[in-house]
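Note that the chains are named A, B, C and D in the order they appear, and that numbering of residues resets to 1 at the start of each chain.
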Amino acid sequence: RWLPKYSARTSVGDITSLRVITAVKTPYLPDGRFDLGAYDLLINMQIEGGAEGVIVGGTTGEGHLMSWDEHIMLIGHTVNCFGSKIKVVGNTGSNSTREAIHATEQGFAVGMHAALHINPYYGKTSVEGLISHFEAVLPMGPTIIYNVPSRTGQDISPAIIEAVSSFSNMAGVKECVGHERVKCYTDKGITIWSGNDDECHDSRWKYGATGVISVASNLIPGLMRKLMYEGENTVLNEKLLPLMKWLFCQPNPIALNTALAQLGVTRPVFRLPYVPLPLEKRVEFVRIVESIGRENFVGQKEARVLDDDEFVLISRY
Amino acid sequence: RWLPKYSARTSVGDITSLRVITAVKTPYLPDGRFDLGAYDLLINMQIEGGAEGVIVGGTTGEGHLMSWDEHIMLIGHTVNCFGSKIKVVGNTGSNSTREAIHATEQGFAVGMHAALHINPYYGKTSVEGLISHFEAVLPMGPTIIYNVPSRTGQDISPAIIEAVSSFSNMAGVKECVGHERVKCYTDKGITIWSGNDDECHDSRWKYGATGVISVASNLIPGLMRKLMYEGENTVLNEKLLPLMKWLFCQPNPIALNTALAQLGVTRPVFRLPYVPLPLEKRVEFVRIVESIGRENFVGQKEARVLDDDEFVLISRY
Amino acid sequence: RWLPKYSARTSVGDITSLRVITAVKTPYLPDGRFDLGAYDLLINMQIEGGAEGVIVGGTTGEGHLMSWDEHIMLIGHTVNCFGSKIKVVGNTGSNSTREAIHATEQGFAVGMHAALHINPYYGKTSVEGLISHFEAVLPMGPTIIYNVPSRTGQDISPAIIEAVSSFSNMAGVKECVGHERVKCYTDKGITIWSGNDDECHDSRWKYGATGVISVASNLIPGLMRKLMYEGENTVLNEKLLPLMKWLFCQPNPIALNTALAQLGVTRPVFRLPYVPLPLEKRVEFVRIVESIGRENFVGQKEARVLDDDEFVLISRY
Amino acid sequence: RWLPKYSARTSVGDITSLRVITAVKTPYLPDGRFDLGAYDLLINMQIEGGAEGVIVGGTTGEGHLMSWDEHIMLIGHTVNCFGSKIKVVGNTGSNSTREAIHATEQGFAVGMHAALHINPYYGKTSVEGLISHFEAVLPMGPTIIYNVPSRTGQDISPAIIEAVSSFSNMAGVKECVGHERVKCYTDKGITIWSGNDDECHDSRWKYGATGVISVASNLIPGLMRKLMYEGENTVLNEKLLPLMKWLFCQPNPIALNTALAQLGVTRPVFRLPYVPLPLEKRVEFVRIVESIGRENFVGQKEARVLDDDEFVLISRY
């Protein structure tokens, strides 16, 4: 008897084995809607470059600028078009438990392989509240918890991670706090992805991290795969650090959005409150591309410095 | 170079070749949310019974009682779990052109094979308005237009169908107006699915209809397939007519919802404004099942008459 | 001790005493959003012309083309700006009981004086379902039930109206079925507003109707007030009939939208699926204005025939 | 000629003159919906206690746990019922510029007197992005900007505040960074409300703050008014500090929610991710009430320690 796929969920092991997960950018049309054509090409570039998973609608993908129906649609679309080639991790987290529950149910229903869950940023809550929040969504499917206190205003402490680690769906943590924290977890057998591109090489090779959930891999998926798969390589890491620093010179994904537009991979359309990097930083990017080699970046067009008036900023969409 | 599926849309020919499309019921949990477990089993029964397509969130599936995010999620879910076994036709029509555009874009983005479009019911519009409405959605993918004046208060005239038939995405019409109208279209080479179970046999074998978009096939997919595939069969048709009449003794899907609950295939949960059929009609259904043969119906449990207090009516969900 | 207004609801008597209620048009900006400036002027013209109530977001006001948040906002806005001058009746009905409940709760919470409730159009339901639907919303506040089978595909029979008339919040019926039906109700003491401008004079003076819920009063509030207040006046009624016929030459509010644009009261912006009347009908309107007298119409500008290219049709907003 | 209120907006001066603004709690029914009856009583207590404004749906009011339609409805409701007695400041800020624009337009349309705007938390943006964000909403009406880096992960620097201070709608800043920052602004004539109850006395009397946007005033509006209006009063301030410290022993509004439930003013219902304070803190609150005097707190019932099982935690609503 044929069984619906719905009962045949992704196993947690299918998630913990991923080393290169791209927090993929969401490209836009000039009216602010998703540019699915560009998105599909982007995902294709990730697959060809060796990324093994994507975060859909993460902070990099500007999930917080999407309506939930757009967000779930994008997850479903990604699964439908690419789900057999790459693991689809939906950022169905929210600072509202209701929203997190609803989105996570819907995300798994449309086939996402795993959920990414943030702690309730901005609103914040108590330790007991945090645990209740995660417990409300963990039964639904494989889950990565995301700790980024510089955005959320609140650290998810190891005690909390340990409290929720009893759930069989707990795949691991996307951790941004640093090497020491990474080591504290990996010593205990908890799977960690570095959330900081500039630390991921050391996290991986010195502190036991499994891999990276990367912004840089939007641009250089092949090199990020090399960095995570082919052993310690300080030469490569040093070579990439200027790019990684540049990507975070302003709150992500400002620089990434600017970069992909300048590579001719996406249209230069920004949803506010994001605006492009200033000219000198745009010039700097083209130099960085030259130093690393255009062939290592996604896209085929020449990298060029866009003018201010080539960018489209959208506030109603 | 690997191409994203998104560019490889379903062809119109893949839709016009379907003869048995089920306007599938949406089953609910006792709190009013979708019962995806039961839904998956239902779809599976359709596949096993030989249905070739499903309408997701049609009037039978109570799309008008869904929020759009639920609706698109259900389309995406169906594609994800069953899209390789059965064609998924999303009812992304609306009496609001904006909603129809938005839902149809999203439906195709999550992989539906075709859209079903109704004319703007209740609000109604002029002939020019109707054509503008359909023209706004026809470029997006294969499309079936649905004419049911008893629900919409407005007939889609042959002139309008002819006006939009120049679109290459126009697959055909789900027509409820009767044999004469069916013949008027099939004489011109327009693909027609009967929207009336009790007329579909004659529409198919005497008036040129391609097939049926059926409510009855929720219950008896195998027999409906036989009716559409194995030549004129007035004996079978006569045998099924009492069921078909019963299914429309009150506005559909009231009887269907009652039937599936009494077959033990779905939970006896109704979203208002639908309420179960009265007791004498519920008794009648069990007799009809006996006369046609339980083995021809979906599900394995004994058909039984449910008591009033076994039904759950939900107004907030 | 000061009491919140929330506990001091409008009485049903405050509603049954209204004779001229305008189903007010919703005007739009060129990007499709509400033109609140024009709306406020329109409502002001209604107050000055003697209309005693407005239906906000009715079929005339294109509530079916609004998102619910727009709809409730418009009700709240109208109450906030004009609630002490005119009664605000929110069309918070829906073919989904859930939506009707949610919108009606919200509408009363933002201060609407009464709700207008339609039977579940398009989806339709049984008599028992209809009664359950109305019973779900009637406890919330004064309610007018709206019967328009030509739009809904289903007549609300007198038996149903009588069944729900036990609710103390039941104010009456906006009835479009004709004089005989009106008389059947008024003989029993049920308050009736005619929903047909061309019948309202006779309904009021010969069949016991209380008044009218009018489309024409958007244009000629003062004359409609005269028609409802100053006794039988067949001369005036005859004079207005050509306008009333013209207003319904295509599904309402197509002609009304065209008229208000040609009077310079609203911008010539249409949300699809509505499109303007054809040129000959636009010419006819200017002649009708002349025959009734420009001074009897709202606005101050000369009535003029707009060109095709002056109209803006919006499908995404 | 009578003018619609819509053109007669609140002046900025009407906002800058407010000294006691309560960030009012949103109370819930056991099914998680708003308890408007309890809300109205709460607002009434604020008016009677001398609060001059309320923030509707702030972080304290759990705006981040509302859908936008609930949020705007609550603003409209508050204006409709209490707008002539107290200034209504809608927290229509968001980390999405689109949402902030939409909500702020709707909030002013339903009559709110001012908007509260946060910088884009969690997503964050550049200085240029921040300015663009605020510039998108400032033209709509009187605006208070809210700086709380411990929640947003990003300080709004004085340079940014100065950049947007040219807008005539800029009323001032709710500042949580401390006395020095307060003084820096008040020296320049920028209106400041302290966002920290425990600092507000000194901010007001030593550093030039206009007043406070308070959590504590939910409980003790009269004493907070005294603190802001009747001159330096270190005795009173000292007496209130234990309550103020207790209110922030866990992320606000956890303690406030617990307090109002124990005062019998709201039902003990929490929307997740908030959960009640632990027992020892609940005991501590009753002692604090005794030490300050029950008569100074809102409500009439005895303050009592609730048991764990009296609290209702809601995740779907």
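Everything below uses one rule, namely that a contact is a pair of C-beta atoms (placed from the backbone, for glycine too) under 8 Å apart; a residue touches a chain by one contact, two chains touch by 3 or more.
This is a predicted model, so every value here is computed, not measured.
Among the remaining chains, the Cα-based centre furthest from that of chain B is the centre of D. Between the CA-based centres of chain B and chain C the separation comes to 34 Å, rounded to the whole angstrom. Per-chain CA centroids place chain A at a distance of 50 Å from chain C.
Each chain gets one centre point, the mean of its Cα atoms, and the points for chain C and chain D are 39 Å apart.
Among all residues of chain B, those that touch two or more other chains are 316. Chain pairs that touch one another are A-B, A-D, B-C, C-D. Chain C makes touch with chain B in their complex at residues 59, 62, 64-65, 95-98, 101-102, 120-126, 128-130, 132-133, 136, 149-154, 250-251, 254, 271-275, 277-278, 313, 315-317. Across the complex, chain A meets chain B through its residues 2, 4-7, 36-37, 40-41, 43-44, 47-48, 68-69, 72-74, 76-77, 79-83, 85, 106, 109-111.
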